[in-house]
Amino acid sequence: MFSLKKIKIVLLMLFILTILSACTSNNKDTQGSDGSDATVSISGSTSVGPLAEKLAHKYTEEDNTNIEINQIGSSAGITNATSGVSEIGMSSRDLKEEEKANGLNEVVIAYDGIVVVTHPTNKVKDLTMEQVKQIFTGEVTNWNELGGDDMEIVVVSREDGSGSRDAFQEIVDYSSGELIRNSIIASGNGNIKTTVANNKHAVGFISFEYIDESISTIDINGVEATADNVLQEKYSLSRPFLFVYKEGQLTEAGQRFIDFILSEDGQLIAAETGAIPVK
Amino acid sequence: MRQFKDNLFRGLLWLSAFLSVAVLVMIVGFIFYKGIGLISFDFIFGDYSPAGGGGIWPMIVTTIYTVLISLIIATPIGILAAVYLQEYAKQGRLVRLIRFATESLTGIPSIIYGLFGAVFFVTTLKLGMSILAASLTLTIIVLPVIIRTTEEALKTVPRSYREGSLALGTTKLQTLYKVILPSSMPGILSGIILSVGRIVGESAAIFLTAGTVAAMPDSILSSARTLTVHSYLVTQEAGDIELAAAVGIVLIVIILAINLSATYISKKFNRATNK
Amino acid sequence: MSIPTTNKQAVEIGKANKRKYMLEKLSSRIFLICALLSVITLLLIIGFVFYKGAHPFVAGGYSFIDFIFGTDWVPSEDKFGIFPMIVASIFATIGALIIGVPIGLFTAIFLAEIASKRLAKIISPAIQLLAGIPSVLYGVFGLAIIIPFLQNTFGLVKGQSLLAVILVLAIMMLPTIVTVAETAIRAVPQTYREGSYALGVSQIGTIFKVIVPAAKSGIMTAIVLGLGRAIGETMAVILVAGNSLIVPTSLTDSVRPLTTNIALEMGYAFGTHQEMLFATGIVLFSFILILNFVLAKISAKGGN
């Protein structure tokens, strides 16, 4: 049987825990107003996210700023930056006209290429932009129409609202409504990569950062997907990685973080991650 | 013919049981087989590194935070609500309404709780994507569990205890606090432990309310990721099955510990009441 | 935190009888408020989800009929039709029931009636453990094992399919069904069995003609609970469904159930798109409320 004493102890512990948790939140308030331990909240693109996390990890080793990164997709990040939910939004596509009209500033922190990927056993290694469009809009549904084996094409796309998808669709020139209906929708670069790596029928598109030997990359119009080709503007499937913030909303800490990213050290990290440095 | 039918059904029963057990062994086996290679002291207690190879300590801390905060709020409310239903309320329309509400809450899918948390705690109460918002959402999720198990525990307290105590001239409140609650404590505790399991295993509701920040939370107003959300994200984002499985091992061990302690407590309880 | 304070005051109770009476009254009020909280939260949840979800139809001029029966879901082009998802949710749930219920029920019967005590003592807790495993891990299992299995063994073009969802959900609902049904079967009084044996009915005959009918309401509860788990499951399903926006016509089509649609897009949706996800939530909620209603009816019947 449990005695009275034990109940008292349990209740006492609960009480202490309540106070403790209240204290933690109080601490945060005082620290925040001091400015000694500022928090920079960043949200947006899942393509920019991994790079931003690495940059933040490096940056916070020397500067006692808290950098919170939520990977929720470009459109949401831009919305958050506009509404003030986040200080900085990450986008992996250019801003739309109406988004610019909301008074957003943009900083290009790096460039990135998008690469069309297939299963390593797929014989198709080269496509024209027109063929890519035909695949993703469902005009072509068998690899043998593209010089491959006689097997069905399984299209893997990102979700509606993904910056990679918007950028890809804009460059390849088809709309969300035209995307072949039975395409698999994967909610991240990694998910597309594993889906394609495990399915010999599949074709998808991912950011350069995610390229590895589990998938095979496709040349577009005979141009290989490399950072150099993007910089020389030969390879057209590329887009900027943007940090966006509302005019006048950027804090000192946020500005310092952006300065760090654009510094030599920051750009080196970008290059290591597989993105293309700005300079 | 009857013999044949009997044997057929007997075979089917064995086959079904075998299938169920096989699935269990396969899932747990798969998680351990894939993930065990990553398990190490540094993996569990190390800081997370976005470059890979880091630990999951921030996610463990976040998980502990959500469990503690949700329980601190849900436990007193749940116990008192159960006390009301069992000891104070006159059976009638109000009690039926409360019961219906509690049961309905049990059946709501966690994604709906997530939606509610996102619009109510995150946006309307302006808590932002945070551990606190997630914990409050989880509080609602576990409240019915605590109410129900406490009610069951209160039911098992013999009527004679109450009558004996009241006959000694104590008030209802004293009886409750000195006699009824102490003797139903084990039942209540196992309910609380079950809630811990529910909180640790929850993903959809937390995903929409706590966000996905992969760093040590510096207060309960920070956005952060729990173990389950981490497991989901590394599968989804990075396609890293091994890492997801390693996190899975940690989760399974926690769940196992929770189950064992709940069984232990209820066994102790049964022995105590049988005496 | 009312108990510690009431404790302190309770010590002085002999001195002040009046205070004692007030305290009794006050505490019963507090208990009542705590109990009412669950009603309040339920109302809040319904209120907020419905308020957000109904907004586009009430104020935005969208048609609810088009929303339910529309087959196009292209948020960026302002098209919101969830018919494919409703169909996917229903198919996935029914499919999971067809596989999960017989296996789960038979396992429960096996554990309660056939298995030796020792065997049951090992298996039952193990299956309860399965019920506690976070659903995400079922999804990881599905992605890493079931999907390649469907592709390689059955030669499916893509493993992300209705079939994969059904298999994962069937596995997930198993523990719930087994645990609840086993308890129900064990609760059937021993005299039923003895009576049946006395009439010369075999063990298997007794199980299916006497015990299972006697435990019917408990078994139905088990099925409805399993159903609830299947229809509400989200994260495990996202990983294996493929999330395509088509009305499924075969088991091999990739699908997007209602829950998946919410979790997949909630992160970045705003404005009307976000409200439409709440509307998706309302539809899901309605399914669950109907289920709860059925469950309440069943348990009321069982009570009689």
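Each chain carries a letter (A, B and C) given by its place in the written order, and its residues are counted from 1.
We adopt the following convention: contacts are C-beta pairs under 8 Å (C-beta built on N, C-alpha and C of every residue); 3 or more make two chains touch, one makes a residue touch a chain.
The chain lineup, named per UniProt: A = Phosphate-binding protein; B = Phosphate transport system permease protein PstA.
This one's a predicted model, so the numbers in the text were calculated from it and none came from an experiment.
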### Task
Would you kindly count the fewest steps from chain A to chain C, each step being a jump to a chain that touches the current one?
1
### Message
Looking at contacts between chains, which pair has the highest count of C-beta pairs?
### Response
B-C
### Query
Counting in whole Å, what is the centre-to-centre distance of chain A and chain B, each centre being its mean C-alpha position?
33
### Message
Based only on mean CA positions, could you tell me how far chain B sits from chain C in angstrom?
### Response
15
### Query
Taking each residue of chain C in turn, which ones touch at least two of the other chains?
1, 3, 7, 143, 238, 267
### Query
Tell me, which residues of chain B touch at least two other chains?
76, 235-236, 241
## Note on the structure
Residue numbers in chain A touching two or more further chains are 14, 18, 72, 186-187, 194
### Message
Help me check something: in the complex, which residues belonging to chain B touch chain C?
### Response
2, 5-6, 9-10, 12-17, 19-21, 23-24, 26-28, 30-31, 34, 76-78, 80-85, 87-89, 97-98, 100-105, 107-116, 118-120, 124, 140, 143-144, 147, 171-174, 177, 197, 200-204, 207-208, 228-229, 231-232, 235-236, 241, 244-245, 248, 251-252, 255-256, 258-259, 263
### Query
chain C touches which residues of chain A in the complex?
8, 11-12, 14-15, 18, 72-77, 79, 151-152, 154, 159-161, 175-177, 181-187, 194-195, 198-199, 201-202
### Task
Over in the complex, which chain B residues touch chain A? Could you list them?
49-51, 68-69, 72, 75-76, 128-129, 132, 178, 181-183, 185-186, 211-215, 218-223, 235-241, 272
## Note on the structure
In the complex, the residues of chain C that touch chain A are 1, 3-4, 7, 72, 74-77, 79, 143, 147-148, 151, 157-160, 238, 242-246, 253-254, 256, 264-265, 267-270
### Query
So in the complex, which bits of chain A are touching chain B?
1-4, 6-7, 14, 17-18, 21, 24-25, 27-28, 37, 39, 41, 46, 50, 53-54, 56-57, 66-72, 85, 186-191, 193-194, 197
